[in-house]
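Quick one: the structure is below, questions incoming.
Note that the chains take the letters A, B and C in the order they are written out, and that residue 1 is the start of every chain.
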Amino acid sequence: MLTLAYLIAITAEAMTGALAAGRRNMDLFGVSLIAFLTALGGGTVRDILLGNFPVNWTQHPQYIYLTIGAGLFTILVAKFLHKLQQLFLVLDAIGLVAFTLIGCNVGQRLGYEPAIVIMAGIITGIFGGILRDVLCNRPPEVLHRELYASVALIVAILYLQLQTFDISEDITLLAAFSVGLLLRMCALRWHWQLPTFSYAPERWQNDNNP
Amino acid sequence: MLTLAYLIAITAEAMTGALAAGRRNMDLFGVSLIAFLTALGGGTVRDILLGNFPVNWTQHPQYIYLTIGAGLFTILVAKFLHKLQQLFLVLDAIGLVAFTLIGCNVGQRLGYEPAIVIMAGIITGIFGGILRDVLCNRPPEVLHRELYASVALIVAILYLQLQTFDISEDITLLAAFSVGLLLRMCALRWHWQLPTFSYAPERWQNDNNP
Amino acid sequence: MLTLAYLIAITAEAMTGALAAGRRNMDLFGVSLIAFLTALGGGTVRDILLGNFPVNWTQHPQYIYLTIGAGLFTILVAKFLHKLQQLFLVLDAIGLVAFTLIGCNVGQRLGYEPAIVIMAGIITGIFGGILRDVLCNRPPEVLHRELYASVALIVAILYLQLQTFDISEDITLLAAFSVGLLLRMCALRWHWQLPTFSYAPERWQNDNNP
């Protein structure tokens, strides 16, 4: 189930990457690269931070083809996508939750402590989108819109918490997955947001760092 | 002493990160992430470049809590911070110098050559701030204001140079630390800057790379 | 031959980095850092992704000096550079092709599959320029101008293809190198471009991800 969710996830994330590249008028190569990076960047950052070499996609070239294919396909269907907006947001939410759970799994397999396992889940869930936004030269969206990164945090904590009970791994995964997906959908529907922090001081005298 | 300076350093850097996130109206999660990344990003980049796995903070979850805590605390006290500006700049300078010395130490422990040890020190000192600025979508400030990165360079060279004399490690550290801190403070006080390079040619015919 | 091309390559790339830093009014340190990163960043990203530690330049401090020297030298000659524009573009093209071939070599030496070897070549070829543009806070140019990244792709594929024939490695390298250089020169001369993808929808209702 997680594998299927993963394939949906990287496809959906690749498509969000392609759309972001399109807003910057990138060429076909740029679209492919941003699609690839959005889909596989989170797992790559996680693998590097956890010292988990070789990095996952270098052992699975088919993921490269899938993400680039999804990116180029997006160009063809871009003009219809706004009609599929709801579907798209569901796919993206599946991606977020699946990435997070996979990231937690990898962290646990490597024997890291719970706090690091949670970080591994969050990083896998959100860093693809952050890399996409950095390369497209815009502030990372995942850090100031409807609950997104927070969903990754909650899913990761819930998953670890459920494991401490006497439940099968499958049910644990399914429960964490469902709660995360539901939470994200609710956040989108009712515009749930974390409080934001706005800081705009009169310019400091020595304004060079803070 | 270096450990204490390190704790001050990551706290101060986390706070600069939180303020930068606040200028971008990020949510609580964004503030936490930028605080974490500003404080621990320099050491992370150093560890990855030097192949020093596992990355430091994955073995010390308490640093994660400390930096995120400092970031969220900053939100509460943000409106008073401009009154603490001088203190803040001193803490940030302590951070810069402590990070640099720790980076040099790590480089030496891994057996790298002096040039790479100096690079390790500089990277530890400045990359947290660079990552902060990239994620907040602004040009890295450390590269064009009062002496900042240069202080890291001088501290690193001085530290290695002092080690060649017959002085105890403690005194070497203290001397390099003091000189670096003093230099940064003077640079802030009298606006010492490196010369800048401004290049604004009439647009080239084939302007695609340089 | 590849070593000579490599030295030309990192020198030329360091100079493009210095010019980009100059457009952002960076100080001498910023110019040095961006020069270093533009020249050696592609190989660094490749080494990290392929788990090829220690990262190349940490074993060759002379490359650090060369790239920083080239960066600072650029400041001195910047006002004459627009007269050397054609030469500069040739050097940059040599850099792109040499980096790509070296990246493929490294990937093969580490035993990766062809698809990953090609990725290694492309990443080595283009990521220095991408890091330069991210740090200078502009959208990566290599992703939406005359054929650039595509040249890296073609060179990498051609190189691997030629190896399957019964030709000496030197001739294979020379052929891939020449074709790549010629292609890039033609692209500059006649403004060959990949089609671009422009996506500017009316704002979506829940516009937070795609």
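The rule we apply is simple: a contact is a pair of C-beta atoms (placed from the backbone, for glycine too) under 8 Å apart; a residue touches a chain by one contact, two chains touch by 3 or more.
The structure presented is a predicted model; accordingly, all values stated were derived computationally and were not measured.
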item: Equivalent interface positions on subunit B and subunit C, same or different at half; value: different
item: C-alpha-based rotation, subunit A on subunit C, 0 to 180 degrees, nearest 5; value: 120
item: Computed distance of Cα centres, subunit C from subunit B, in Å; value: 28
item: Set of subunit A residues in contact with two or more other chains; value: 48, 134, 137, 145
item: Touching residues on subunit C, where the partner in the complex is subunit A; value: 48-51, 112-113, 115-116, 119, 130, 134, 137-140, 142-145, 149-150, 153, 193-202, 204-206, 208-210
item: Subunit B partner contacts - residues on subunit C that touch it in the complex; value: 15-16, 18-31, 33-34, 44, 48, 53-55, 58, 61, 64-65, 75, 78, 81-82, 85, 88-89, 92, 129, 134-137, 141, 145-146, 148, 188
